[in-house]
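Same chain, two partners: chain A is paired with chain B first, then with chain C.
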Partner chain A sequence: MSPQQVAVIGTGQTVFKKHHDDKVYAELVQDATLAALADAKMTPDDIDAVVFSMAPTEFVGIHDIEKWSVDSIFGAGKPLMRIHTGGATGGSALHAGYTHVASGLYNNVLVVGADRVAETPDSQHVLNLIWDRFYEFDFALNTVTMTALSSQRQMSLYGTTEEQFAQVVVRARANALRNPHAHLKGKITIDDVMNSAPISWPYKLFDCCPRSSGAAAMVLTNLEGARKKCTKPAFINGIGATASTVFQGDKTGPKADVEYADLAELEIAGKEAYGQAGITDPMREIQVAELYDPFSSMQFPQIESLGFCGRGEAAALSDAGAFDLGSELTVSPSGGTLCTNPIGVTGLVRAIEAANQVMQKAGDMQVSGVRNAVATAIGGSAQFYTCSVFGADHL
Partner chain B sequence: MANDETKASDVISGEWNVRYNYSVGKVAGKFFDALKERKILATKSSKSGISYLPPRAYCERSFEACDEWVEAGHEGVIEAATIVSAAFEHLPPPPYAIAYVRLDGIDTAMINFVRGLDMSDVGAAMGKLKPGTRVKVEFVDKPEGKVTDFHYVL
Partner chain C sequence: MVPVFKENDAYILGVTLHEARDRVTDKRLEEMVYDTAKKALDAVGLNRRDLDHVTIAACDELDGRSISSMLLAAPSGAYLKDEIKATDSGLTGLCLEATRIRSGRFHLGLLVSWNKSSIAPFEDVMRMRCEPFYTRPIGLNMSITDGLFAGAMRGADEAKASQVAASYGQAAARNPRGVARTPAGADAIAASPYVSTPLREGHRPPVTDGAIAMVVVSGKWLNDNPGKTPMARLSGIGWSLESYQLGAERLSSMSGLKTAYSNAMADAGLSGAADLDVIEIEAQTAYHDIATREALAIPADQIVSPSGGPFAQNPYFCAGLVSAAEAVLQVAGKAGPVQAGQVKTAAAIGFHGFAHQGTVAAIFQEVPA
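This part shows the complex of A and B:
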């Protein structure tokens, strides 16, 4: 049996900021649920199953917080599962929702979640806890140092400079000015980035994402549902994902099967998604890429892994404006993860922004003539990768 | 029900206190025991020919058990490094340098601190930690069978 065609017919998100101090988590996650249902022209009764997108709950400080959210997202009486692959959670949750519909088991599926990363001041301590107690925990690995290490290797391999990473931040913050939901936004300069406080070489403060609070939701349906409810759905035409070892040091040396600096596993996920979607020339066929880039250095290897250019070429193309708003490939018109990172739903926000572009409802962020958009998510010890292709036309 | 008099900035503070005793197992146990004798032991799969640090019970590439132990050299090459300048809660006071180093005779790199580095100028210090740079293993005076018994030095 071939899979059912899956379509996005409704999306919703809250504003993202450091604290939503006017409501608790369960109330926050309901806001995105209601927004997505309204956008899909559906009532809670129309939803057949719920996929809950939530990464480590230590940030929020209430364990396995989907329990507390069931009532507020209209999950009672329905199958509900939580998906957690660290930073890739939102991408994986989307894929779980996709397979719910593609399998034919459910017609209408809600993918929803929320995060409040700044509820604890100890977020990098929490992220240090994802490494094992035997070999790696003691050496201050966290998401900042983990990606700083691979960035130093990237710079060594390809000659990429700190200024080239800074240009990514400048573009992201400027793009985010058009995004009413973005956490960080503004006109800044390369010097502003270079002069911000040193964190972990090559990162300065502005190279790093904020700790965001907010919620996101998406309604998925099949072809028949899309025809009934939505004039311009975004069809999910390809999904690809892969997992890799927790030991990043395995990705170095002559016997490595993937290169640490390249985020090379995304190439595997991308090829799978492109194959399903019939994408053969990404630069010509895809107009928007919403990338999981919590740190400035993470854009170039993803652009390269997704086949938009060769290895080591993205930085120079970035300098030349090739990824600016309205260029041949617009990268993260929303400002991306660099400007907004509610970890448990960040991958879902990337998917929402990519789908909105295809549905021609991205507001001030809208890129003209979008037929295909791609969204990524990355999680764990640089080890979970998802890629999703959204199209204006179904397969 | 919230009303205008409910202060939005009100918070309830809390913290988690959870203790653990992590079972070490045979493979990690042998590695830690060897550290007391200033030896760094890796596992190897004869099927794939790959040697692993940290040691693994099985080889992810061949899906076979690692069936050999091999001793790593006390020198190696930096594969990736960073110097941390910012203070994070419950992590070491900055600055400190960490690096993935592939020790001689071993196919994968293992993370540890790089000690004894002048980090008064971080940019200059990073210039000494480029991938490909040779480093040495240095043990603490009294190894206790912990991964922190050794570190790297230039």
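This part shows the complex of A and C:
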């Protein structure tokens, strides 16, 4: 039996910034909940179940934080579960929300979460603790140095340059000027990126995402609910996910199943999602891609893994403006993860921005004529991948 | 050939429990998880490559590492598979797994959960579950909230709790899947030290190390693989999270339990406890058993927790899923010395969070030959 159709009918976000000094975590998550419910023309009583999106709690310093938040999001007395796959959490939470509805167990599901990454003085110290105690813990591996290694490999394999990575940042910051929720935004130049402080070669400061705080929420429903509540829902037509090895070294060399520089696990997840959605020619059929790109180098391999061009081709296409706002494929019109990274909900924000484009509700970021959009999320040691395809038409 | 099974129904094809021990000292957690997942697949004649998804239920804080699934997804069989982790409890992982199978999107999955309790500073982890403004400064933790729960219950006294704990211990002693212990008598339990008045040390089981893996399949998969025989059908599932606020009503009403249980029973098409042959309760204290019986109006002669529940083994985070495994074994007639006769329908009830804030109920039914 085919899965029930699942649609997005409401989304909500707070502004993202380094600190929300005026609100506690539970208040932030309530703000996003209320915004999503209002957007869906629903009240809390309409929600049957909640999926909570939250990655490591060490940034905030409160374990099982969803249990504290349950009253603030009107979830007390309802089915609620928390999903956590590192940086991919928001994408995985969306997929869990999808199966809640597709299974027929629940009609209306709230997917919600928040993060306050900058609550801890040094998030990269926390992110060092995610690795293996015996092999990787004791040298300076964190998410910056980890992805810097794959960037170097990408440069070596395909000849990608630091300036081409910098162009991604310039585009993202400019796009974010249209996004009222974005953390970083502005008109900058390639020179600005190149001259920003060195972090871990090839990364300079501007190549790296900020530590963001804020909340995001989405309301999912079935086909009947979508028809009643929303004139232009975004249907979740395809979901795919892939988990890989924690060890980066296993993704290099002739025996590797997946190539580290290519983020090739996303190709597996993308093919699954495209297969479900009936997407056969992504460049022609998909108009917007909201990518999980916390570092400038992570955009090109994702574009290639999702089949928008061949391996090693994305950088040159980027230089030519192929992914700019309003081009055949607009990449991260919101500014993407490079401009806003509240880790526990970043994948959900990507999904919200993609769904908003399909729903024609993206405001100043709206790309005209969007019928299909794709959103990604990545977590762990570039290890957990999700891909979600949103469509204006249901299957 | 006429399909036998409803395509989107969820079935338990196999269950494997890691050997229960107070402390596993000869394996890393990754090895415990790998051994359990591998054994579960081997037992049903399947290979990791056959899986179309993996569902993990685990707790970073109790594992002692942020994003603990980074190192544990592959040992769980998830390498290059679609994998999601739920963090509330092992039994919550079964809820997520049920939604995945019943969505029609997934057909052959491995649900894996674990807790190497011996390496976790348990009450430190629990104290960090308190929000930092009111409850953390006063030193609230799991023991204290369970003590508040016990104190808030009406009609339960310490003597009764001691008798219940003793009966759990006696059942656990018969369970070959439990940690071998000499059961304590009710008098000894009643004389054990207070943990948080009126909760005594003997009213709750010690935590142990353990892991569990369940192979879960859809009816469609079974129709396509007629040589495979499921142990049970997961016919009903329900879960609920109560308020964080620990008022008297919240502590004593068991409203989350009632919601989860009634949803699961309705999902299974059952009306009351009399429809169940066995109920396995994840009794983290004797008061959990007493309160559950009262809240669900379980008849006095109902067979409850023949496995001994967490008093047999208590890998805390996944103890509820262990209770579910025991329920599955009952339905399959494979519970060994604790088999409660011919069992057609069994329920598992699990808790998580401070003072049973979260509850899960799962119903398993016999699959006719």
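Following the convention adopted for this analysis, the second predicted complex is superposed on the first by the 395 of 395 C-alpha atoms of A that agree within 3 Å, B and C clash if a C-alpha of one lies under 4 Å from a C-alpha of the other, contacts with A are read in each partner's own complex, and residues count from 1 in each chain.
By our rule, contacts are C-beta pairs under 8 Å (C-beta built on N, C-alpha and C of every residue); 3 or more make two chains touch, one makes a residue touch a chain.
Since we're looking at a predicted model, the values are computed, not measured.
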When the two structures are laid over each other on chain A, do chain B and chain C clash or fit? fit
Which of the two partners, first being chain B and second being chain C, lies in contact with A:68: first, second, both, or neither? second
Between chain B and chain C, whom does A:96 touch in the aligned arrangement: first, second, both, or neither? second
Per the contact definition in the header, classify A:57: touching chain B only (first), chain C only (second), both, or neither. second
Report for A:338: first if it touches chain B alone, second if chain C alone, otherwise both or neither. neither
Counting touched residues of chain A, say whether chain B or chain C comes out ahead. C
After the superposition on A, what does A:245 contact: first (chain B), second (chain C), both or neither? both
For A:257, is the partner it touches chain B (first), chain C (second), both, or none of the two (neither)? both
With the two structures laid over each other on chain A, which partner does A:9 touch: chain B (first), chain C (second), both, or neither? neither
Does chain B (first) or chain C (second) touch A:148, or do both, or does neither? first
Closest Cα approach, chain C to chain B, once both complexes are overlaid on chain A (Å): 5
Footprint overlap on chain A, where chain B in one structure and chain C in the other make contact: 58, 61, 133, 245, 257
What residues of chain B sit close enough to touch chain A in their complex? 2, 8-11, 14, 16, 20, 22, 24, 28, 49-50, 52-54, 60-61, 79-86, 88-92, 96, 98-100, 102, 107-113, 122-123, 126, 129-132, 146-148
Can you check the complex and tell me which residues of chain A touch chain C? 1-4, 24, 26, 50, 55-58, 61-64, 66-71, 75-86, 92, 95-96, 98-100, 102-105, 126-127, 129-133, 239-246, 257-258, 265, 268-269, 272, 276, 379-381, 383-384
Chain B partner, complex, touching residues on chain A are 21-22, 58, 61, 121-122, 124-125, 128, 133-136, 138-142, 144-145, 148-150, 152-153, 156-157, 197-202, 245, 247-250, 252-257, 260-261
Spell out the residues on chain C that touch chain A in their complex, using ranges where they run on. 7-8, 54, 60-61, 65-67, 69-71, 73-74, 78-88, 92, 95-96, 98-106, 125-126, 128-133, 220, 237-245, 255-256, 259-260, 263, 267, 353-354, 357-358
